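In the part that follows, the structures are each spelled out as structure tokens.
Two complexes follow with chain A in common, the first pairing it with chain B and the second with chain C.
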Partner chain A sequence: MFAQIAFNGLVTGVIITLPALAVTLLFGVLKFPNFAIGGMMTVAAYMVFALNAQLGWPLVVAAAIVAVVFGGLSIVIDQLTFKPLRDRGGITLMVASLGLGLILENIARVFYGNAARSFAYELARPFRFLDIRMNREQMIAMIVAVVAMAAMYVLLTRMPIGRAMRAVADNPALALVRGIESPHIIRWTNFIAGVLLAIAGVLVGMDRALEPPVGNNYLVPVFAAAILGGLGSPLGAFAGALIIGLLSELSTLVIAPNYRIGVPLVVIALILVFRPQGLFGQPYIRK
Partner chain B sequence: MSTAGPPQGARPPQGERREATQGAHHTSAPILVASGLHAGYGAGDILKGVDIELPRGTIVTIIGPNGSGKSTLIKTLSGLLPARQGDILLNGKRLNDMGPPKRVRAGLSYVPQEYNVFRNLTVLENLKIAREFMADGRPGSGKGVISDELLALFPQLAGKFKVLAGNLSGGQRQMLAFACALAVTPEVLMLDEPSAGLSPKYMSDIFETVKRVNDSGVSVLMVEQNAIDALSISTSCMVLANGRVRLNGRADEILGMRDLQSLYLGDSRDDEPARA
Partner chain C sequence: MISYLVLMGIVLCILAIVAVALNFQWGSGGMVNFGLAGFYTLGAYTCALLMLKAGGNTFFATLGAMTMVAAASALIALVTIRVTEEDYFAIVTLGAGEMLRLVSLNEDWLTNGALGLTGIPRPLASLVPFEYYHYFLLALGAVLLGGTVWLLQRIGRSPFGRIMRAVREDDVVAATLGKHVLWARVRIFAIGGAFIGLAGSLHAFYYQYIDPTQFSNIVIAYAFMSVIAGGRGALSGSILGAAFVMLLLEGSRFAKDLIPALSSDQLAAIRIIIIGVGLILVLIYRPQGFLREYRLQVDVASGKMKT
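Then we have the complex of A and B:
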């Protein structure tokens, strides 16, 4: 029983790893919490649905194409929505992102209604390992999330563009006088966040039914994971997501399952009181 | 540097301005020239028509009281703060319309006073970023390992490549900032208060390093509160007060002035218009 719940928590954790990483990357470079990520996940998931369930493309192909296209779309969204507001401060950008998230969710609703839908792929019988029941969707989610995290680690630590993203997140003014063109880095950050959100949208759609609020339903645990790990810290996002996933599921051992949605909120409150910079974040110094 | 004299209407303090200005003369062509520079934050100007010239291969130190505009000047030259009026020329090429990254790639390297390393990146990552993004086909540019010559200049960094820059001591951080600014050999190195907050041991290391960098052919423009040590390695000096150049001359002459202290701290009488 405990092992099964812990496994389910691990799966929940890896699913929120990707959007948590997108949140932390966007916050690190652009310095505002982007609440549009929920709506973006929803739209990306429906784009995959259109190619996969409506046009008959294999799910993997549809997901890969949408991931790249949605990366580009994220750059466009940033240029149209956030760039004109960049000089007005983080609060303005945060409010704009909340509005954008609602707009995106309702665009999905306009085209597909409120009915729950699912991707078209062959269902497989669940299997048991060490008395833990696992299904194929869970294994796919684990593998995809681990591969995506490994790719992000290589990008951020081994590649010039990744180092530059971390440098801009660390000290934007110094990055300029070290020759880093911030607009270029902002575009790359949005592209990578868009790819992560598109993949996350597919995983979420596979884990649960695809419906318009599906992305925004993940906002609280995703932000709890990013804040717990330390906003701006990719490693923190990974650790925070796993902790939030495990805590949410394990909490059902002592509280009614309906109340587990409150666990991330409690974590946010506790971390903001006792360690505002999160587990892996640096204390923020206003300069 | 020799041509930037006192602004019209300013009164020479203690009668020594003329001698010092006449004493400053260099034969080499200036590599960096700024003329009629106005810049500031908000509504008012902090720099009110500053003219400077940095002769090639020299060290020019800017001194002046707090709030005189020293850091504003160097930030304006780097491009972090836009010039409202005036021209900035590097090797005769106008820089005004270039952002900081393009100015760096044109050869104008800058070490800020604080927060001058990426604290959450390792020493090696800081150096790699400098090489990867400051390069533009100039000597020392390109990707790959850090040159032996550069490492020889900064023995303090040996064995610390995997350490997070934020975990270095103040002096080591300053050395890393220098190393990053020099990772791609610049034409001009601009330093904002390089000795600020450092122990006396590191202070002497810093000025010694600046001298060695200059000996390697890099022109240096330095803002410094520690005027005595800075002037002892400098070719010439500029005293800034209230956003204007008050004195401009050879470093050894200014160092020898009896009232350097009053110049360095600023003299309110300088703001009075000259009497006819």
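Then we have the complex of A and C:
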């Protein structure tokens, strides 16, 4: 029983990893918490639903195409909404992102209503390993998330664009001196975040049912993971997500499952009081 | 038509009180409240439960609701003890609001879960003839709204109001000047919270029936839209802002006449989209809002304060 719950927690954590990474990358470069990520996950998931369940494309193909398209779309969204507000301070951007999240969730609702839906793919029997029941969705989620994390690691540490992103996150002025232009990096960051969010949307829609609030329901755990790891730290987001996922599921042993969301909340509060920079973050210096 | 306007007037008063309270917390005090919907829920449920389960009258139930929301808000404000960035606080409030909503949905023994609470008593219902009751409620709402604006404006123009704005602009400077920033934040959030509790009580009186679906996060968008449109820091502007939001909301009802194929779910979603788009457009094109924040001005010739 314990092992089963821990396994479920691990899967939840791995799924949260992707949006947490998106949050942390966006925060690093743009310096505001983007609350629109929930709505973005929802819209991307419904786009995949349209291609997969309605047009009958295989789920993998649909997800891959939507991931790339949605990467582009999130650049457009950023240009339309956040670019004009760029120098107005974090709160303004944050409020705008909250509004944007509501818009996106409700665009999905206008087209598909409130009914829960699911992607079209063959269901498989769950298999057992050491008394732990693993269903195929969980295995797929694990593999996809781990591959995406590995790709992100290579991108951020080995590729010029990833290093440039980290440079801009660290110090935009210094990055500019070295010839790294931040508008270019902002576009790339949004593209990568869009891809991550689209993949996360599909995984979340597979794990639970696909309905309009699906993305926004993950907002608190995702931000808890990003804060726990230290906002702006990619490695931290990964560790934070696993811890939040595990703690949330394990908490169901002692508290009612409905209040799982209380766990990330308590974690955020404790972190803010005792270790504001997060597990892996640098102490935040306001410039 | 008249009765429609009266009902809209009551809803407007409730929304305006929420907006003014948010403007106090966020506009004047710099504390973002993304848990607004949860605090509003807490107010409405506390008020209803104090009457239904504890047998309190409407007056004490309202006071109880205000106290409850103020206490919960104060508790949440304590997390700013070490981290003062608004980003983090916003996320904490978002989570806290979600928790409060979940309690209203899941604690069946207390809140009756998804079924909600029915038969909520109304103030002075035995004295006011039924056919005039909505007029009375509108008058009550308007008086409470006026009182809220008056009181919060008084606080905003008192010495504490100056501390609030100092903390909002730069908490380090405020602390350097010997102001207790955490205590100020707790008070700002608690005072605003009390009036969110008042609005929640009015909500319970008006609908007489509350269930968790009435308190979705959309309330947050409405309130922020009202504050931003009315002008951050300008408390009375939030009333104009709330009227603007109501105009958008009620105006979009006519979308149903233009496109009859829309279902009520779709229509509701479209109205939220309109509010969201409006919010972003106002932020981009008219960030200063309708009215400006009060500033203390002194007439040089006479040395007296201008009001």
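The rule is short, and it goes like this: the second predicted complex is superposed on the first by the 287 of 287 C-alpha atoms of A that agree within 3 Å, B and C clash if a C-alpha of one lies under 4 Å from a C-alpha of the other, contacts with A are read in each partner's own complex, and residues count from 1 in each chain.
In this text, contacts are C-beta pairs under 8 Å (C-beta built on N, C-alpha and C of every residue); 3 or more make two chains touch, one makes a residue touch a chain.
None of the values given here were measured: they were computed from a predicted structure.
Figure out whether A:180 sits in contact with chain B (first) or chain C (second), or with both, or with neither.
A:180 contacts chain B only, not chain C.
After superposing on the shared chain, does chain C or chain B touch more chain A residues?
C
State whether A:92 touches chain B only (first), chain C only (second), both chains, or neither.
second
If you stack the two complexes on chain A, which partner ends up touching A:6: first (chain B), second (chain C), both, or neither?
neither
In the overlay, answer first, second, both or neither for which of chain B and chain C A:163 touches.
A:163: touches chain B, not chain C.
For A:132, select first, second, both or neither according to whether it touches chain B, chain C, the two together, or no partner.
Neither partner.
Which holds for A:103: it touches chain B only (first), chain C only (second), both, or neither?
second
Considering the complex alone, what residue numbers of chain B touch chain A?
My answer: residues 78-80, 99-101, 104-105, 109-110, 112, 115-121, 125, 128-130, 132-135, 143, 166, 180.
Touching chain B in the complex: which residues of chain A?
157, 160, 163-164, 166-167, 169-171, 173-181, 282, 287
Under the touch definition given earlier, write down the residues of chain C that touch chain A in their complex.
Per the touch definition, chain C meets chain A at residues 26, 30, 32, 34, 79-83, 85-88, 90-92, 94-96, 98-99, 102, 105-106, 217-218, 220-221, 224-225, 228, 263, 265-266, 269-270, 272-273, 275-277, 279-280, 283-284, 287.
Chain C touches which residues of chain A in the complex?
That would be residues 27, 32-33, 35, 81, 84-85, 88, 90-92, 94-96, 98-100, 102-103, 106-107, 109-110, 113-114, 216, 219-220, 223-224, 227, 231, 256, 258-259, 261-262, 264-265, 268-269, 272-274, 276, 284, 286 of chain A.
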